[in-house]
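Two complexes are shown next, each including chain A; its partner changes from chain B in the first to chain C in the second.
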Partner chain A sequence: MIVPTPTQVLVNALERDRGGLAIVIWPSLELRAWLIDEVAALPAMAEGGGAVVVKTVDDALSAGDRPVLLVPEDERVAVDDLDGSRDQFAERSYPLVLFLYRDGDGERLLPFRPSLASWARGSRVDPDQLAEVDLDAERKRFFAEVGEPPMTWLEKWHARQVPRDGAGYARAYWAELLCQP
Partner chain B sequence: MSAVTDPARPWRELHEAHRATRERDVAELKGAVQRRLDMLVKRGHLAPETPYRFSEKAAGGILVLGEQMGAVGLDNLADLTEAKLTVLAKLDRRRRLLHQFTAMVEGTAPDGVPWMAAVHLDDDSVEQHAGTGACGHASWHCHVGRGWEYRPEVRVPFPAVGAPAALDWLLTQIVAEHEPAPWLASPAT
Partner chain C sequence: MGGAQLASWVSAGGNTVLVSGPVGIGKSTECAHAAYSLRDERIACHVPVDRLTNIRRLTADELLQVIGGRLFQLAVGHLGFPADHPLSASFPAHTLATGRDSFRASTPTATRLLLDEVARWSRQGRVALVIDGLEKLPEGPTALEIFDALASLPFDVDLIVVVPWHAVYGRSSDVVLRAGERLFVIPPLETRGEAGVAAAQFFGAMLAHRVLNPPHELPADFQRLLGRAFIDSGGVPRTLLQIIADAATYARVNRGDAWPNDDDIELALGEQRDSLRRLLAPGDDLAIQQATGTDGRELERERKIRLLANGLLLERPTGQGPRLDPHPLVPLAA
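Here is the complex of A and B:
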């Protein structure tokens, strides 16, 4: 089974509706900066003169037809403003990406703003949650693929009993992740 | 012993400079690598979907980048008949630290001889340093040769330029047009 990567899910969300709205959920302030950089680095964000980061819906409208990353200081106001201004964003060619705090004011308000919820349907992405692996399931997958547990294989790798090549290095990084307590 | 004659001093200073790079450019690392992969796509060396496969897996505060991409084929290189590129990173997201970095190209020269170049930042989340010390096994180092199985395995200390620039160095060895810092004047100026 090929599991889509967080980046692929994000790209799919942005491409599902060209010029549409995607919502990216962030779990903490330090990871918000990380996610903003990550979204800004996507090739789709380099189109139309490059992405701009704004704090309000008014600023997003003023930015014109280019990729916009809306990172609101007041999420309730941003969600309310977006809910009432879908028509004004109708002619866009490039994505509008709204960043909301996981379980924060904005995300909790979404179910009560049907126009916005409908606009963003299927385009809500939580990259951090997507990146988090199920350690037990992933260890079983490692065993099925490699034939031994990550720690056992990793000991052989460090003892240079496994041939060194790019695929081996990739497997070693995977094993190290799975050896987390 | 004076500082001037202390043979350990340059290596300890290099080690400190290497340590400082672990805190730099961490959040931007994924985008920086993807932009370089995108350059390889645009030049016809990589399959178009490759930058999207440079993705992450996380467990707790640790995040690994590039494992799902693995070793990907490089096409249309001037000096290698076949080649593969691997880029991997292990990061601590909460402390915003780069623990480990690997970028390598393995290939075959037109005369059939194997060739590989790799740049490594050793994992600092393990209990013991790798190698004998900061001279013989600097945290940031590179290898160039026929392959891992050939001895002696030469480990060249690498400057403290950080992961994106280290990847630039590797890529300029196989795609000269990628040069990020072209000479603007003669050597005498």
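Here is the complex of A and C:
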């Protein structure tokens, strides 16, 4: 079975729908802060005046049409409100990224909020899935697709010899993850 | 089953229609179609409540305000209804002007008055309200108050209302809104046989229209993948569109290709399977297997509502009543 990397899933989730929703799962508060920075740095987040980080769905709605990172203080309230307000986001041009604690209040509520769960179907990003990935097999897959090892390709990326587009950023994150010790 | 059938039922005198169906099945599309189909006989007001407010915090009074505001705007836009009509003062959040003769009343009273006024101003002389988005209404006393508020609208106002599953499989009362109401469950599209081929071709034509400029025939290999994805979507339009959009994005991001290949479709299907798997709770595997091929009457109520609402179990009509089958992408234990 072919398994996408978390980065592929995230880039895909952000690019799939105009005004789409992605759910990023975080396993610890420390990693949450890192993930927020990583997601905010993605090219899709730089559009529309840049991403804004908010704590509530009301703040997300009033942020206007720009990329939004929703990092809820209260996940149950955020999931409820997002489920109840889903269609108010339908006309937006930029993605909404919801950050939820793995197996926390918000994620456990999702099966009981079918509308929101349906909107996010196929767009759940769990960086920890990388731990389940066979790194050797993934490095071979990278080589087969790109024609060179991740480290070699990454050096070219850092030297700006590769175009800075969506595909390039996705590949850069993939390469960086595969270069981890 | 579609919007035209909902409209036909109303045209034939069935003035209360309840609509249900799993997420992504096209309830909103059918509601919009029903409102359009009724336009010659009724002044049909489509109220997408979920686009206008947070359904999970909705109250009965707010719903009537939303309906009144939407009807007011429709009347001003299409019937030459004065923007400063006295009743504008009763729907302050949804109207702009307030006239000298303004009239304030409780929301139920003002809504009733407005329905009378709009029917009087209209050529058709009768109002149909198509109320969409209430499927997300949480179960509880507020939901019952909301149904009561709708039930209290004048009987000569036709109602087409998308309702939550918990209302369809109610705990006690047989009536959700009004006596004589009819429930339509929007089923998934047929994916097999001639009907399945025709439906896949319809989506192919729609995609060609959306993504190809000028529209022309889709590549043969993509049409093959579309047919495969359609079967795996279970006939749920949103799922099909998500699979195709995911696969296209994988093709673009991973290889810079305009068209997805089998691997891209497999990635997209894997994402869907993973999302559906996460919706399964302990005991669901067995319950789904036991309910397969039945009308689901043996399923415990809360589980049945969750499985149907999420589209984990799909209900299709047959000559012998409804039949349940698991969504083809639900990864059940062997």
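Throughout what follows, the second predicted complex is superposed on the first by the 125 of 181 C-alpha atoms of A that agree within 3 Å, B and C clash if a C-alpha of one lies under 4 Å from a C-alpha of the other, contacts with A are read in each partner's own complex, and residues count from 1 in each chain.
As a working rule, a contact is a pair of C-beta atoms (placed from the backbone, for glycine too) under 8 Å apart; a residue touches a chain by one contact, two chains touch by 3 or more.
Since the structure is predicted, the reported quantities are computational estimates derived from the model, not experimental observations.
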{"item": "Touched partner set for A:Ala117, first chain B, second chain C, both or neither", "value": "second"}
{"item": "Partner chain(s) touched by A:Gln88 [first = chain B, second = chain C, both, neither]", "value": "second"}
{"item": "Which of chain B and chain C A:Ser62 touches, first, second, both or neither", "value": "neither"}
{"item": "Chain B versus chain C as contact partner of A:Asp80, first or second or both or neither", "value": "second"}
{"item": "Touching partner for A:Thr152 - first (chain B), second (chain C), both, neither", "value": "neither"}
{"item": "Touching partner for A:Asp128 - first (chain B), second (chain C), both, neither", "value": "first"}
{"item": "First, second, both or neither for A:Ala167, with chain B first and chain C second", "value": "both"}
{"item": "Chain B versus chain C as contact partner of A:Asp17, first or second or both or neither", "value": "second"}
{"item": "Common interface positions of chain A, toward chain B and toward chain C", "value": "8, 11, 166-167, 170"}
{"item": "Interfacial residue positions of chain A with respect to chain C in the complex", "value": "1-4, 8-9, 11-12, 15-17, 57, 80-81, 83-88, 90, 110-115, 117-118, 120-124, 145, 166-167, 170"}
{"item": "Contacting residues of chain B [partner chain A, same complex]", "value": "27-28, 30-32, 34-35, 38, 51-60, 62-64, 66-71, 84-86, 88, 90, 93-94, 96, 100, 102, 104, 106, 123, 147-149"}
{"item": "Partner chain B, residues of chain A touching it in the complex", "value": "5-8, 11, 30-31, 33-34, 37-38, 40-43, 128, 131-133, 135, 138, 163-167, 169-171, 173-174, 176-178, 180-181"}
{"item": "Chain A contact footprint on chain C (complex, rising order)", "value": "22-24, 48, 50-58, 133, 135-136, 238-239, 242-243, 245-246, 249-250, 252-256, 263, 266-268, 270-272, 274-276, 278-281, 306, 309-311"}
